[in-house]
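What follows is a pair of complexes built around chain A, which joins chain B in one and chain C in the other.
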Partner chain A sequence: MNFLKAARYFLMTNFIGKPYLRYERKRGERKIAHLTGENSPLNPPLKITAYTKEFVSSHYFKGRYVEGVKPVAWVTSGAPIEILKALGFFLIYPENHAALCGARKVQMDLIETAEKSGLSNNVCSYVRTDIGSLLSGKTPAGKLPKPDLLVACSNICQTVLHWYRMLQKYLNIPLVIIDTPFVYNEIEPHQVEYVKKQLKNSLLPVAERIAGKTLKEKDLKNVIKLSKDATELWLEILNLCAERPSPLTVFDQFVYMAPIVEMRGDKETVDYYNAMYKEVKSRVNMGKGAIKRERRRLLWDNLPIWFKMRELALKLAERGINIPISTYTYAWGELAPLMNLKKDEFEVMAKVYLSPILNRGAGQKLKAMRNMVDRFKLDGVILHSDRSCKPYSMGQMDERNKLIEEFKIPAMLLEADQNDENAYSEEQVAIRIESFFEMLGVSHG
Partner chain B sequence: MVKAMGIDVGSTTVKIAVINENKDILFKHIENTKPKIKEQVNTLIENVKAKFNNENIPIVSTGYGRKLVEEAKQQMTEITCHAKGIYHTLNHGGTLVDIGGQDSKVIVIDKYGRVLDFTMNDKCSAGTGRFLEHTAARMEIPVEKIGEIALNAKKELKISSTCTVFAESEIISLLAYGEEVDAILKGLHRGLVTRIVGMINSVAFTPPLMLSGGVAKNNAIRKMLEEETGYEIVMPPHPQIIGAYGAAIFALEG
Partner chain C sequence: MLKIPTRTETIYKFKAKGGKIVAVAPYHYPKALFRAFNILPVEVWGPPKLNTLESKAHIQTYVCSVVHSILAFYLQGNLEVCDFILIPHTCDSLQGLGSIFLDFIKPKQKVLTFYTPRERRRIDISFLSKEIEKLYNQLCEFTGEKPDFEELHRHIDIEEKANKMLKKLLNERQYLDIDDFNFYSILRTKEFLPAEEFIEIANDVYLMYKTDKPISKTPVIVSGLLPEPMEIFTIINEKNGFVAGDDLAITGRRLYPPSEGSNPFVRLAKSIIFSPPEPSRGDSVEARLKNLLEIAKRTNSKGVIFYIVTFCEQEYFYISHLRKGLRENGIKSILIDTDINQELSQQAITRLEVFLETLQ
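Moving on, here comes the complex of A and B:
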């Protein structure tokens, strides 16, 4: 560790970042009650929203000064990060960063940079956003720390393999790929063994070498426990959305899920979701919904359209429609029961990272959707056919038909993209949504 | 006598229907959509009102330009209006295929006239009326005649391009090889119908199959759609004004 860099990291994060972000949070908290206004169809968001911004921003702020202080890894959202956390790595999730760019609506400039460099517009818009950011150095986070290690896990898509190989070429640093075989029905013992071996024999030695230390079982256990605690709390928060009216909308969840993805394994993340649970629970007790007049409840499938979140939230709320849950936000909670602290840590991680919804057959997803419709008392389903996320969107046509024909639930495909505004047509989306509202009998407010 | 007006402002044509309290059509009008839609619609409405002694007629608008109809008391989407219109025209549900100028849609309607499911093709002009219009223009044949020519063709050529622009290049190549125009036209119709059948298969299809929109007037499309699906098509008497008629019924019902 470089002493000067460590001193700078300590000073900047504690004496500049912390007070500034705290001041911003207090300002935000004062505004929150008036954020939506009397005539808005939405109730004010949770108080913790202001802290969410502070919390996530503080992570990126630390990232500006962390180079040379801690080992840095860039990882995919489904990477087995517990090993890295236990070795003291600072983590950056390019997917989350791309989503941040989309939500802040600065992504199109970056996408253009990536396309000019030769990336096809058929490539995932997260990839284009992040490669654009890497090439131009532009990011709403200020600056991203250069990584010492790249870790990609194939449990969310195959694109990450190519994406991280590109990063490896640009950055000239080690890349570890964890291959998680596709699970058609149940996880097979040989699959667990295969992933476990990769964690132990591929990831661990490289990570230990870069971190300059040996993994301690106690540290790993502790990180897994913190991951499990946060994941369980997130699941409990989401389950509270089964109440009528739902205390959260999916658009709230898309924002509140950032820490469960990029800061799982930290104690502060557990504290964050604990505080959120209390606030959400008190809303439920008061009978206060996220929207003022909840008339219909829908399920959202797939990633959000990051650059259209607010517009969509308002459009739906105006008609009395809430989306209390999505397969995407639920995916970050539903694996909590698999995190068995009594078992071998590597086996637990292998099982958990084999299990994400995108690494399983479409039948599994359909089953999950069907359960959510019952549990959350839903009236219909919006399947966002996301041009960028092929593995999530593949199978949606059949899922939609099954929902309609077998389960008698109205369902609609909405063609858009998570980050690329060029794949989004305002009027066509409006017509689809309006027609769906009319079909659900909520056309006139 | 109670009257109501529906106006369907589409990408290619503006359609108007005026009905009485028995939902009978008293007046209908179709004309090409002009660039200044708002002015066009205002003039049209004034003219219709003048025909009915300037009575105060409630209006519901639909179609891509529905928001430009200032006098409309309500705006509804084409999906809902087409379902309403066809249900009241034919007195039964089923699956309606509407092939318009800019998009095509398939709507499944239950026995009470409610929309059960729908799908739209609005990302690509292949599968819409524009596909035929564009390629017919390339061969310098009026669009009204291409259906008959295709129906009478003895040979059918395969047009493999799914994109309107590339289909045009393909046609030029075929013409350069000396292929007959009617065989090319038949292939073009087949291409459009194949795409529509794909849409029908992607919704919760319920017979009978019904057809509306400007392209419904094309007999080759109708016949090929019957061949490809194996279902006989039920046609409304005025396929182009189904959306406007549905909007008029909404205006009547308040």
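Moving on, here comes the complex of A and C:
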């Protein structure tokens, strides 16, 4: 560790970042009650929104000064981070960063940079956003710390393998690939063994070498416990959305899920979700919904359209439509029961990281959707057919048909993209949504 | 000119002798394993120029034409003759296709899946050999047969001979006086012919077309999944060029090295793991570039045609880096986007022609 850098990190994060972000949070909390006017179809957001901003910003703020203080790893969203956390790594998630760029609507400039460098528009828009950011140095986060290690886990898509190979080429640092075979039916013992061996024999030695220390079992157990606690809390929060009216919309969840992806394994994350749980629960007790007049409730499938979140939230709320849950946000909670603290940690991690919804067959997703429709008392489903995310989107046409024909529930396919505005047609989306409103009986006419 | 058997002829001939057929999607799989069960793998790479209306009810339009064609071909009843369907996990789209088959379409045939690791470590060989063993056990269950190790080794040896023959033809391409369309039509019989028949045909081709002097045309390399539309060959040949080497999934990327050992599953696994670097195995930019440069050096090629099926993300990923690396080594390149169900556009033809002219 470089002591000058460590001192700067300590000073900047504790004496500049922390007080400033705390001040901003307090200011934000005061503003929240007045954020939505009398005529808005939305109720004011939770106070936790300001806390979320503070929490996430604080992570990126620390990232500006962390180089030379802690080892840094850039990882995929489905990477087994518990090992890295237990070794003291500071983590950055390029996917989350790309989503942040999309939500802040700065992604198209970055996408253009990437495409100018030769990256095809047939490649995922998260990749184009992130590579554009890397090449231009532009980021809404201020500055991303240069990594010492890259970890790509294939449990979300094959795209990440190529993406991280490219990052490796640009950054010239070690890359560890955790290959998680796709699970068409049930997880098989040889798949678990394979992932377990990769964690132990591929990831661990490289991570230990870079961290300059040996993994302690108690540290790993502690991180897994914190991961589990946060994941369970997230799941409980989402389950509160089964109440009528739902205390949250999916658009809130897309924002609140950032820490469960980026900062699971930290005590502060558990505190954050505890605070969120209390506030959400109190909303439920008051019978106060996220939207003022909840007439219909829908399920969202797939990633959000980051650059259109606010518009979509308002458009739906104006007709009394809430989306209380999505397969995407739920995916970050549903693995909590698999985190068995009494079993071998590597075995547990192998099973957990083989199990995400994106590493399972489309039939499994349909089953999950069906359960959500019942549990959350939903009236319809919007399946975002995301041009950038083939593993999530393939199977949706059959899923939609099954939902309509067998489960007798209205379902609509919405063609768009998570980050690329060029793949989004305002007019087409408006027409599709309007006709879906008619099906749901909430059209203006 | 040799008479090349068609897929249909081969299938019916094989079935008439009591064999079974497995339709195989692209592209890595343990061929010898199936042959040991008297099952003939017949690869489905399309077919090209198919009307894929039926598949559009299941798959979005932003998925590649190869995947659309496979599904449409099935939905049109063309795979009825097959006893099994194998969908290797080649990419996100084929992963999705496998899931659609298993979860929604549920064909009368057994649908098998197969996962190829994305690294080349010892643990990957170990996993893959278990994945192959799992496939073996499934086939035992479905067929009631249980070929022993000796039988498995025998088929591995035959397949390795066929691979060796493919390598010989590709390596000595510049001494074979045959046009590209016919050359690749012959090579592509390996997608459906029993290995022993392919060896025979490949031998005949070698003897029939082998010359002492290299072809005096401009050598080029083609990279991508498959050379569809095959008009590319006509254009290359008309412009006094020829395909001297390839980085195609149908051929060059499946030059599996010979294997040794007492366990047939490990032999098959090693052979797949150590196949040439390519996108579906998640290889690095450096490995891909090195491979292309080696082919260029061996064939004296000064140009690479990236013949990429639109929407195939993994083929597009490294293109700019590969082209830059080639350029730095004095090799020109061009990217042509294709759809296997459509004719090559006039614009693409003109670009190809101009590209070939610049190489001369």
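Methods note: the second predicted complex is superposed on the first by the 444 of 445 C-alpha atoms of A that agree within 3 Å, B and C clash if a C-alpha of one lies under 4 Å from a C-alpha of the other, contacts with A are read in each partner's own complex, and residues count from 1 in each chain.
Note that in this section a contact is a pair of C-beta atoms (placed from the backbone, for glycine too) under 8 Å apart; a residue touches a chain by one contact, two chains touch by 3 or more.
For clarity, every value in this text was computed on a predicted model and none was experimentally measured.
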{"item": "Touched partner set for A:E427, first chain B, second chain C, both or neither", "value": "first"}
{"item": "First, second, both or neither for A:S435, with chain B first and chain C second", "value": "first"}
{"item": "Contacts of A:G137 with chain B and chain C, given as first, second, both or neither", "value": "neither"}
{"item": "Partner chain(s) touched by A:M397 [first = chain B, second = chain C, both, neither]", "value": "both"}
{"item": "Contacts of A:G37 with chain B and chain C, given as first, second, both or neither", "value": "neither"}
{"item": "Partner chain in contact with A:Y194 - chain B first, chain C second, else both or neither", "value": "second"}
{"item": "Chain A residues touched by each partner, larger count belonging to chain B or chain C", "value": "C"}
{"item": "Chain A positions touched by chain B in one structure and by chain C in the second", "value": "397, 415"}
{"item": "In the complex with chain C, residue positions of chain A that touch it", "value": "117-120, 122-124, 154, 157-159, 161-163, 165-166, 168-169, 177, 179, 181-182, 184-185, 188, 190-191, 193-194, 197-198, 201-202, 361-364, 366, 385, 387, 390-391, 393-398, 402, 415"}
{"item": "Chain B-touching residues of chain A, taken from the complex the two chains share", "value": "397, 401, 404-405, 410, 413, 415, 425, 427-428, 431-432, 434-435, 438-439, 443-444"}
{"item": "Contact footprint of chain A on chain B as seen in their complex", "value": "64, 74, 76-80, 114-120, 122-123, 202-204"}
{"item": "Interface residues, chain C side, partner chain A - complex", "value": "57-60, 62-63, 89, 91-93, 95-100, 102-104, 113, 115, 117-119, 121, 123-124, 126-127, 130-131, 134, 279, 282-286, 310-314, 316-321, 323-324"}
